[in-house]
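Order as written gives the chain letters A, B, C and D; numbering starts at 1 within each chain.
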């Protein structure tokens, strides 16, 4: 999957850095390739639900950003990305202590792209990886809409 | 839809109060009825995505809690609630300044319940309500699993 | 929700009549209003799964057509409708003997519309209605694409 | 993924053969391994929508059966399988002439299993494979419920 914009990685990074929600999660961009983005995160008490696991919505936030930017990496330089919908299956309690959110574009499209994301938990050193959630996301390429800059 | 546990509202409130993620969102319980829960929230800069709207994952977090507690309100007193999956459609940018997340159980079940949630944005005084996202969630009643207390 | 094309009902009917799959289901259009379509169907042995209930995919077919045409009713006269994605929750075994698939547009859009569908089973005379499945569908308005005529 | 029941393939085959809906599709079981089932199908005019492509619901039917049996292959011999929900993304028009529905269990569980399915179209000889749809399905293991025999 070639990226039409050679500056795609910088464009993804700049947009990600404007997502205050990712700072609230403590999430960082680990890898940006055309159609494939990885986000990393560590356990934070302020993101938990009643059993002490990371809240499903917080996992969805990291997965949604990973999916959106995987699609965004394949878009032209003047496009913005909007999530149309996503679906999350929760497979195991999100204990951590580390998390990795890996998103790959399954079908890039001029208007609509479909992306699959996987959330894994690992030990602090990245070992002992376990799949804890999956996402399927539909994202839209938006060009020329006021107020949406990347 | 009668709640089998007369203490359902207190049980929901206590569990919600243990969700640190809801404090991070600034979300509060506005209403608890059997099979029907409403959560409120105001715009917070630290929850935004790159265009300044509330991040879809943060909406999903509030919707998921609303859906989970709507189902939880109908469960027996010794049960815990786990989200199996949810799907979110994003209908409009989440500008706020206020948000309301309204969840109703569509099908209560002994093991599996299905809940529908709706996210609305309003003016600060609650007027001018607009639907901005929908959720369909499948939640599971868990009884007697170690480490899951409500 | 006003329909921009005054001929919307005829346009829906003509397109539905070209869906051979609906004849295979024995499905018929019961009602066409702007943004709201109802399809009816009776139990047929050749649509069943291993327990003798209507197969979930056959319910999905009728729900998808209902959702697609609910959105199509609000589209301009030169548009075609394509389903982007749908999600189905199965709430109870589809015994019949009659079924009703009711779809309403939640959010009409120039490019993307979101539609909610509900599958009900009833007695032969339409009484004793019971919700057996829900669908959320994302459909796309397509204009000027070769080979897609309504 | 080992199958707890050594007779899993025969059990899947017998249940599939009771699905009249699969005969209506002209669908056949191509492969049964523990946690992985493949179904094949050819274009049939009576399964089409208004543009002459296979109706999305008919794809969903084949995908749902593939997903359900992939999970069923890992269940104990006295269990029945029920679909809780599925979500389908449609990536390209289903022209055929051949289709392959490939389903793999992502997370087997005592009560709830999550399965991913992919629909591909190919030429008549199986060449030129193209991904046309994806499914994520949640299925439930049911034991000891009257009227549900496999």
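The criterion applied here is as follows: a residue touches a chain if its C-beta (ideal position, glycine included) is under 8 Å from a C-beta of that chain, and two chains touch if they have at least 3 such contacts.
Bear in mind the structure is a predicted one, so any value in this text is a computation, not a measurement.
Student: In terms of C-beta pairs in contact, which of A-D and A-C ranks higher?
Tutor: Looking at A-D and A-C side by side, A-D shows more C-beta contacts.
Student: Report the chain whose mean Cα position is at the greatest distance from that of chain D.
Tutor: Result for max centroid distance from chain D is chain B.
Student: Measuring from the mean C-alpha position of chain A to the mean C-alpha position of chain C, what distance in angstrom results?
Tutor: It comes to 32 Å between the two C-alpha centres.
Student: In angstrom, rounded to a whole number, how far apart do the mean CA points of chain A and chain B lie?
Tutor: Chain A and chain B have C-alpha centres separated by 22 Å.
Student: How far is the middle of chain A from the middle of chain D, if each middle is the mean of its Cα atoms, in Å?
Tutor: From the centre of chain A to the centre of chain D is 29 Å.
Student: Would you give the residues of chain D that are in contact with at least 2 other chains, written as numbers and ranges?
Tutor: 84-85, 87, 89, 114, 136, 138
Student: Which word fits the touch map of the chains here: line, ring, star, complete or other?
Tutor: Topology of touching chains reads as complete, every chain touching all others.
Student: Quick one: which bits of chain D touch chain A in the complex? Just the residue numbers, please.
Tutor: Answer in residue numbers: 87, 89, 91-92, 106-107, 114, 116, 131, 134, 136, 138.
Student: Which part of chain C faces chain A closely enough to touch in the complex?
Tutor: Residues of chain C touching chain A: 84-85, 87, 111-112, 114, 136, 138, 140.
Student: Note which residues of chain C are touching chain D in the complex, please.
Tutor: 15-16, 18-21, 23-24, 45-51, 55-65, 80, 82-90, 147-150
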